[in-house]
Every structure is written in structure tokens, then in C-alpha cells.
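What follows is chain A paired twice: with chain B in the first complex and chain C in the second.
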Partner chain A sequence: MKHIVKILTFHTWLLPIYFVVSLGCYGLLMVGVGLIQFPTCPQEAVLLQQDVVEAKEYLRQKGVDVGGCD
Partner chain B sequence: MELADKAVGFLLSYISLSVFTYYTFWVIILPFVNSDHFIHRYFLPQEFAILIPVFAGMVLLCFLCIFIGYVMLKSKKKKA
Partner chain C sequence: MEKKNKYSIIVPTYNERLNIALLVYLVFKHLRDVDFEMIIVDDGSPDGTQQVVQQLQDLYGHDRILLRARPKKLGLGTAYIHGLKHASGNFVVIMDADLSHHPKYLPSFIKKQLETDASIVTGTRYVKGGGVHGWNLMRKLTSRGANVLAQTLLWPGVSDLTGSFRLYRKSALEDIISSCVSKGYVFQMEMIVRASRKGYHIEEVPITFVDRVYGISKLGGSEIVEYLKGLAYLLVTT
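Showing the complex of A and B:
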């Protein structure tokens, strides 16, 4: 009986840390699952690159510096 | 490139699941097992169950502070 009481006093320290660790694990798991299920659209990627080129041309004509940052 | 994303996602979920099961087993199941069971050899002593997460959280905090300070210094040096 007494060793059960000792286990319970140890667990009052341990339980909040256990919940924090499990919350971190859950977040990481959700990130992993989202990465696995991420839908890629190759056609949209091509269209996006075309949009980027058009926008750069347009802004360069207007006089804005589009040479990239840093 | 989506295969690389899937591989990273799979690796992340595998790491998180294994950490969760190991830690759950360590904290919740092991205290109720007899002390002379063979399974105790695969787990560190129970004090480490508190020390390791606290230490990891502190390392994460230090890393975040150092990173923020580094970025602030770099932006101030560029402006001056």
C-alpha cells in the first residue's frame, strides 16, 4: 500500500510534464500527417511561375527595382 | 519533390509516435511493474523521465533566444 502512495507523490511532479511532452508529440504528429497528405498541383506551379515573370516585367517597366532582396 | 515531403512527414510522425509510446510506457506503466522484471533493463532510471524533457525544453528556449538575438544583431549591423 505504501509503495502505491510513493508512486502517487512521484506522479504529481511527473503528470504535468507528461502532458506537455504528449502535447508536443501530438503537434509533431499533426505536422507529419499534414506533410504526408499535402496535395501538390504541378499545373498551378507552372502558372504561378508565369505570373511571377509577368509581374516582374510589369514592375520593371514602372520603375520598381525587382532585382531581389538582401 | 513531393516524395521528399512525404518522406519527411513520415519520419516526423514516426519519431513523434515512438517518443510518445516510450515516454508513456516509462511514466505510466513501469511503476506498476515488479522491480525484478526484465523490462526495467530497457528503460533509464525514473529520475531521467523528468530531467530529459526539462533539459530539452531549456535547450529549446536558449536556442530561440540566441537565434532572435543573432537576427536582431544582423539587421542592426546592416542598417548602420
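Showing the complex of A and C:
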């Protein structure tokens, strides 16, 4: 118990370490927040598929080669 | 549009025969009243991308679609420089060929530029109205981590550094691109960081990003190492 208290005591010469540790904590926190709030758009994938179908039909009519590889 | 602006859309391709046709159709669909040209820089795709582009030229006009091929795969950064040499517009748009950048956002880029007179309008996925589809947890984690690192270390003033859907004033792009040395993924970040340091007026518009539908995603594990090296490089040189 005694040595834990000793570690927790504030030392001026350890300031840079405190700074780096808090910067790391801030970074991890921001990554976590970013992950939770990550903006997704599943509806866009559906819309894109509709655009792809429309484009393929038009281009095929006009004689552009859209068949094949995929 | 009220002013006599012309937009050159530079699209680097490698094995995108289907996507490029779909992309061209969608660009023409969404940019009806705008003077623009598309410059397709193909790095010698073996899948016949160039033949498809020639068919598209016959359909839409050889003055609207320019094919500026290179003999082999020479990288993204030099593809833009190559395309830029042939651009006749006073604005340049850079976008990916794989449909992860949807042409329906082009009008909002143009509108934003006209409203704000910005030199650069960059698409961002991380604001309201933007978003990403098709990423797993690992990909999201990497992206958020990379973004937090870059935001904390570089203070770039834009929310999405690695997105590559952007509109540039041509003179600004020529100026910035000449001072960029990075390759691949880091290149996009270097462009926007250098632009920010040079004091260019940068605006953002929300875009959505649907990860490639056709073909294989080109992001690998070594990209992370490259990214960290790039970040360190930008930290000491800008």
C-alpha cells in the first residue's frame, strides 16, 4: 500500500511522462468516440446498385461493352 | 453555372473496364449544364479498359472524354501530374474510378466552390450527411486511429485527410502537386496538409463512400506502416 501511494505522488520531473500518457488516453478516447459515432450509409449501397443497373442498360443499348469480367 | 468555368475530371484507372463505363455514364448524368471533360489516365490495363474508353469516346465525344494512357503501372501521384498536363479546364476534379466516389456529389463540390471561392473543395466522410459503407470493424478502427493520429499531430484543418474526392483550382493543384513526394495512400494526405500549410482556402462537402462493388479493394496491411512513415515525414517537413 505504501509504495502505491509513493507512485501516485506528483513529481515535477515526470511531467513529460504525464503529458504523453494523457495524450495517449485522449487519443484512445477519441478513437472510441469515433468508432461509436462512425457514420454509415447502407442505403447508399442500394442506391448505387440501382444506378449500376440503369447505367449498364443504357450503355449496352449504345453498344458499349459492359458485360464480362465481373 | 454563371461563370465560364471548365472542369477537368482526372480519373486514374487500372483494370477498371466495367467501372469506368459506369462512372462515365453517371458523370454525364449528373453534370448536365456544366462544361467539363474527363481525362482518363490508364496505366496499361490488361483487361481492355482502354478499348471500353474508346467506345465511350465514340458515344460521348472525343473532346469530352480524353484517354491519356501510360504504358505501365506508374503510380497514383504521377497519374495526376500526367492528367494535369492535358487538362484544359480552370478547375480540376480528382476522383477514383471504382465508384466509391459517386458522381452525384460533383454538383455540390462545384456549388460549394462558387459560393465560397475556395481553392480546394474536399469530400469528407466524417461529417453529417457523409458516411461509409462496406467496412468491417477492423477497417473502421484503422481509419479512426489514423485520423485521430493525423489530427492530433498535424492540425490540418480538414476532417478527412485520406479521402481523395476533391476539386482543385488548377493553379493550386499545380502548385501543391509539385511539392509532394509521397506515394499511394499517403499522397492524398500530403496534398491536403501542404495545401493547408500554404494557406489555401479549403472547404469541405459531405460525401458517402461505398467500398468498391466490383473488383478487389487495393488496401493491404503494409499500408498501415506506410501511413505511419508518411505521418512522421509530414510531421518533420511541414
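Following the convention adopted for this analysis, the second predicted complex is superposed on the first by the 35 of 70 C-alpha atoms of A that agree within 3 Å, B and C clash if a C-alpha of one lies under 4 Å from a C-alpha of the other, contacts with A are read in each partner's own complex, and residues count from 1 in each chain.
Methods note: a contact is a pair of C-beta atoms (placed from the backbone, for glycine too) under 8 Å apart; a residue touches a chain by one contact, two chains touch by 3 or more.
Since the structure is predicted, the reported quantities are computational estimates derived from the model, not experimental observations.
Looking at the shared chain after the overlay, A:18 reaches chain B, while chain C stays out of its contact range. Looking at the superposed arrangement, the partner reaching more residues of chain A, out of chain B and chain C, is C. In the superposition on chain A, contact is made by A:35 with both chain B and chain C. Legend: residue contacts after superposition of the two complexes on their common chain; A:65 is shown touching chain C, with no touch to chain B.
Of the two partner chains placed by the overlay, only chain C lies in contact with A:55; chain B stays clear of it. According to the touch criterion, the shared surface of chain A, contacted by chain B in one complex and chain C in the other, consists of residues 26, 31, 34-35, 38, 40. Listing the residues of chain C that touch chain A in their complex gives 17-18, 21-22, 25-26, 47-48, 51-52, 55-56, 59, 99, 102, 125-128, 130-134, 137, 140-141, 144-145, 147-149, 151-152, 208-210, 213-215. Listing the residues of chain B that touch chain A in their complex gives 1-2, 5-6, 8-17, 19-20, 23-24, 27-28, 31-32, 46, 49-50, 53-54, 57. Of all the residues in chain A, the ones that touch chain C in their complex are 23, 26-27, 30-31, 34-35, 38-42, 44-45, 48-49, 51-52, 55-56, 58-59, 62-66, 68-70.
Contact residues on chain A toward chain B in their complex (touch as defined above): 7, 10-11, 13-14, 17-18, 20-22, 25-26, 28-29, 31-36, 38, 40.
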